[in-house]
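Each chain carries a letter (A, B, C and D) given by its place in the written order, and its residues are counted from 1.
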Amino acid sequence: MGVVRIVELPRIEGHLDVEIEILGEDIRVRAMAREGIRIYDMILRGREYSEVPDIVSRMCGVCSVIHRVTSVMAIESALGITPSDDILALRELATIGGHVQSHLIHLFYFILPDVLGIDSFIRLIDKNPGLIKKVMRIKGLANSIIEALSGRAVHPITTVNAETSFLPSRDKVYRILDELKATKNITLDISKIFLEAEFPDIPKEENFVSLASRDSINLLTGKISTTSGVMEPQAFLERINAIVEEYSTAPHFLFDGKAYMVGSLSRLNNNYPLLNGSARDLAKEFNLTFPSNSIFMNNKAQALEIVYFLERAEEILGRLLEKDELKLQSEKKHGNNFGLAATEAPRGLLIHTYQLENGKIISANIITPTAQNLKNIEKNASEYVRALLNNNFDLGEIRKQIEFLVRSYDPCISCAARFRKSNNLGKKLYK
Amino acid sequence: MVSMKNPYIPTKAIITHIRNETPDTKTFRIRILDQNEFSFTPGQFIQLSVFGFGEAPFSIAGSTNEKELEITVRRIGTVTGALFRKNVGDIVGVRGPFGKGWPIGLMLRRNILIIAGGLGLAPLRSLVHYIILNREEFGKVYLLYGARTPADLLYKDEFNTWSRYIDLHLTVDKGDNYWKGRVGLVTILLDDVSVDTEDTIALQCGPPIMMHFVSKKLKSLGFPDENIYLSLERLMKCGMGFCGRCTVSGRYVCIEGPVFCYADIKSFIEAIPEAGVEHA
Amino acid sequence: MIKKALRRIYKDKLRLLMGRLSEEYNIFSPKLVEGRIIFDRIDDVSEIINEYHTRPVLPVKKLFLPQRETLFEYEIVDNDVIISDKLDLVAREKRCIFGVRACDIASLQILRRFFSRGPGDPYVIGRLSNSMIIGIMCNSVFPSCFCHFTDSGPLPKDGFDLFLVDVDDYFIAIIGSERGNQIASKNEDIFLDANKDDALAIDNKVKEIVSLMKSPPVVDQMVLYDAFVRSFNLDFWEDYAKKCLSCGKCNFNCPTCYCFDIFDEVDLDLRKGRRVRVWDSCHFLSFTRVASGEIFRRNRSSRLKQRVYHKFVYSVNDIGLISCVGCGRCFEVCPASIDLRDIITKVLCG
Amino acid sequence: MHKLKVGIYSLSSCEGCIVQILNLEERLLEVLNHVDLVECRVLGLKHDDEVDVAFVEGFVSSDEEATKIKEIRGRSRILIALGDCAYSGMRFVAKDFGTSTIRADPINMYVNVDYHLRGCPIDSEEFLSLISDLIHGKKFKESSKTVCSECILLENKCLLDKGFLCLGPITRGGCNAICIANNKGCFGCRGLGDDVNISAFIESLKSKGISIPSYLLGLLKGPGYGSSQNS
């Protein structure tokens, strides 16, 4: 039947082409990252470690918070610094702000048009201004959490750490708490739009990877949970490998030779028992069951997470306010100059590793969620095409559905893209 | 206590007439509301507000005996751009007049040599009108005026009238097919007239580079410093000597100027390049 | 020896006094905000800090000529403009500024003189006349202080209502105006009679402070003026220009730098707008940029000289006073550490 | 009144400048009352026709992107470079980006740029004032202040005096010294100010005992390295 190329898939973060090739029974979908090269792993070499957080936060404008926090934690681990619990709590708060912001952009600006059959969220300005205002209010709230903790919503300025002990003023904290309380119902309202939406059901996902959690859904620390068990991040790193596809400027990752999925859905699949509060009630109300094998459920998982994270933020703030003084001193032992941090970005597992020498970076490796998802996207999209063909969908419709499917992974190509097709950099970086 | 009137607040005024002078220059006639007359000395300026865009200084180009005021404006930026989009009947704001104008007292019964370049004719036009109205009070009057091209000459349709009273000489930097007059910088016109340097007051206004050369030439012709006057252009925001932007050597161009005597300028410690005064 | 009337205020009575004053006046004072001491409105007298050893980051001028101020607002309706003057707000507010040091008091006198010229600037002058000034004498000096040289401190000559000199457990209050006098007589329980030694105590304190100060040898101000006039074209200015970063910090931090910019701000509808003024700096290239693109002080040295000459020459021509009060703020904040005392010494020594 | 047709485009970038625009929330709605946003991939808007104003974020890293920026210029009346990527090829954030093997060309290497909004990310207030100027037909003027002077207006304590590196004295203002207000030295994401004095700045760092990063010396090298392009 031929080849369909979706050029610069609209409504995702970054530039991705998707090529659907149908040659009889042979169906292949290629996720072709087109973002120009932004080789962060390379430009970090030779830099002072203190410059790293400012630079890596520029990997992505949507998830700049988590990149910043992850790099700081990896460098701390290289220097033998263990941040105090209070520092971790403050960082988790900032991260939550980032996640909620990112999920809202994904769900409303990117996915909602698919649900409503329109081209853009901004068409609702006239049709449903009330909804737009609600979404903007919650997004504003998420941003104000980031701002209070790190100075700016995009490319945060500080990361709570021992060196720059920066604390939000109590004023700001109370304002945020008030707003969290005042907007509870709005958050529930807007999440329900996705929880009640009908999505296609394709039970194809199998390999879910995320941080393993103990008492709340972990975002910053912990082991990694996979279908082959829970393991230390280092062990996980040894079992994944990057493939350089000549059609893509981003690496594609496999775990034990197989495609796997990271993101909201993986987090909930692996940690569902920890989902509590209103999010849990909502899951029950809408008969959602986790683990789920459908990628479209990733959208519902994000909607639940928005509710969960905002309640979690309220809880953390309340807890911190009760303390007379926060402990911002970190423990310092001798570091061995190698640092690794595995965290949960809005879109899934994120790993930064750095090797230092005399305070300078000699190598860096940043493994982003989207890069880890790309193979999975290709695999599931191929199967979805087959299923659609079997149901006699025409190419136009198939194209739409594939866009929807790819979008549901919430891909972020800005983070993932790493090298140029024409040179061997990719091969060098990922031997 | 606080004085009654707030000098930062412009008086409302209405545009009553707009005339195109050149492709980028227009003359606006403005009537100040609730005010029957507007008195000023030629050489003074006003601050004109276009609400929403800001305020800028413009020389008064009209006649002293008229109730309405005229300014000639070149479109160059924010305020002038917005003014050009205005129509007859639109409201603007006016503060002023500000500054000291041409030294009319000193000029009485003496010969006058006026040298203007480009838009610099605007503040001199009101002087020309004044002289014509009071022609018998002055001796010989020369007006040497240069523009870039014939199309850039301001107030062309007044030249005939002017010529009946004063000695008008024109030049352009670059002529066209119809131009029969002089071509060259305005300084060449100084060769066309023979003035008595002792009893002539020279007044100039124009781009800095023009005034620089004119001053040099006047000096070489033997004009005493006391008989040369020029109008300086500096950035000014308040017009009342507060914002500090227009000072030269600590002198406020908006209140002590814009017209300065060359002899004064020479005593300034800061360089005034447009007057050809460069210390150090 | 001081000629003005003196009283005694025991330190534990200060808050009581400020409390009473706050019933009539809005109180402004140095106050601790996130680790910095800044001049600001205080809601409660407990915010008045007892710490007299650091001075606010920005001088008191910001309370009279704010960093940013709306001069008037307007509304464009059909083809008309309705202007609403913001001056009323200024005129209505009664303020009491507490904790002003001698150098800042002197700077207010300079601003008063300057902004009274011509039609007068009703905002600055309005605030000056609505504000009661309660000064306080420095207990120690900063490394950059040289108010003795400029004859502006440590004891101010005039321009205050009350001026407190810190002596052990009490203040000697110098009555500087009729308004100050009234306050004293209305609060006799707080303003006790001064002891006959108190005038001497002030004298000693002044001597002590002056002896701590690193100020250039005092010269007659006309001598200083002439020396500056003679030095305009000397080469050493280039050396300073090489060091100066043209960052403009010295302007903003100087209690007597007043230059400003004015512009209009308008909402997207082009209906409601306001005319705003903000501080500007003669160190910026844009300061003298005219429409034709000409910049009259393109050389860094000409801009640096503009600031310094304004203080010691132009200001004397204009208002009869030098407009440096010897606070040293400009070089305290200067990233290049260009010390004005150094410049003065150079100028005086030839 | 004719509403301006506006497009937002991105080349190689993190799209943070667009996120910064989206983060205006309700104020963005007000802007959208006055302009027609006709094209923006992230928002799913396609237009392929002429626009009055094109905002472009990101730098050029391939021939494809070079073609794309020329195509955009060809159909836009006013073109605005958004952020440090588009303005300088991200040199002011990543300092030596683009000087090595990586291609990161500022867009004005390929097309005429009418205005720049500097910073990484752009400052939302500055974006709003640019939009307002465009709507009202004014010329946008970027700040002539330095970050250092904006910092003192906020009455922050100087970080240089505390011994931290801060590029405020040589960096063009307009961000309201947001980094220093958050207790972190400016790293110069808005590029150099008017007539800055880098060698004097290096001297002053030396005298304060602050170690001098190598890129500062690099800044001294060539002319045109970030000098004002908005004039």
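Note that a residue touches a chain if its C-beta (ideal position, glycine included) is under 8 Å from a C-beta of that chain, and two chains touch if they have at least 3 such contacts.
Since the model is a prediction, treat every value here as computed from it, not as a measurement.
Visitor: Quick check for you: compute each chain's CA centroid and the global CA centroid, then name the chain with the smallest gap between them.
Guide: Per-chain C-alpha centroids ranked by distance to the global centroid put D first.
Visitor: When I count C-beta pairs in contact, which pair ends up with more: C-D or A-D?
Guide: A-D
Visitor: Quick check for the class: compute each chain's Cα centroid; which one is farthest from the centroid of chain B?
Guide: Result for the farthest chain: A.
Visitor: Roughly how far is chain A from chain C, going centre to centre by Cα mean, in whole Å?
Guide: 53
Visitor: List the centre-to-centre spacing of chain A and chain B in whole Å, with centres computed as mean CA coordinates.
Guide: The computed centroid separation for chain A versus chain B comes out at 65 Å.
Visitor: Centroid of chain C to centroid of chain D, CA atoms only: how many Å?
Guide: Taking the average C-alpha coordinate of chain C and of chain D, the gap between them is 36 Å.
Visitor: Express in whole angstrom the distance between the two chain centres, defined as the mean CA positions of chain A and chain D.
Guide: Averaging C-alpha atoms per chain gives centres 26 Å apart.
Visitor: At which residue positions does chain B touch at least two other chains?
Guide: If we look for residues of chain B contacting two or more partner chains, we find 52-53, 77.
Visitor: Among the residues of chain C, which ones contact at least 2 other chains?
Guide: Within chain C, residues 266, 270, 287 contact more than one other chain.
Visitor: Name the residues of chain D that each touch 2 or more other chains.
Guide: Chain D, residues with two or more chain partners: 136.
Visitor: Just say which it is for the chain contacts: an open line, a closed ring, a star, complete, or other.
Guide: other
Visitor: Which pairs of chains touch each other in this structure?
Guide: Every pair of chains meeting the touch criterion: A-D, B-C, B-D, C-D.
Visitor: Quick check: in the complex, which residue numbers of chain D touch chain A?
Guide: Listed in rising order, the residues are 10-20, 22-23, 25-26, 28-29, 32, 37, 40-46, 58-62, 65, 90, 93-94, 96-97, 100, 102-103, 120-121, 178-179, 181-184, 187, 213.
Visitor: Chain D touches which residues of chain C in the complex?
Guide: Listed in rising order, the residues are 33, 35-36, 38, 56-58, 67, 242-249, 251-253, 266-270, 279, 281, 284-287, 300, 333, 335-337.
Visitor: State the interface residues of chain C toward chain B in the complex, per the touch definition above.
Guide: Where chain C meets chain B, its residues are 71-72, 74, 76, 79-81, 83, 85, 87, 90-91, 114-115, 117-123, 125-126, 129, 229, 232-233, 258-264, 266, 270, 273, 275, 277, 280, 282, 287-292, 294, 296, 302, 306, 309-310, 313-315, 317-318.
Visitor: Mind listing the chain B positions that touch chain D in their complex?
Guide: My answer: residues 52-53, 77-78, 81-82, 85.
Visitor: In their complex, what parts of chain D are in touch with chain C?
Guide: Listed in rising order, the residues of chain D that touch chain C are 30-31, 33-34, 131-132, 135-136, 144-146, 148-149, 152-153, 155-158, 160, 168-170, 193-197, 199-201, 203-204, 207.
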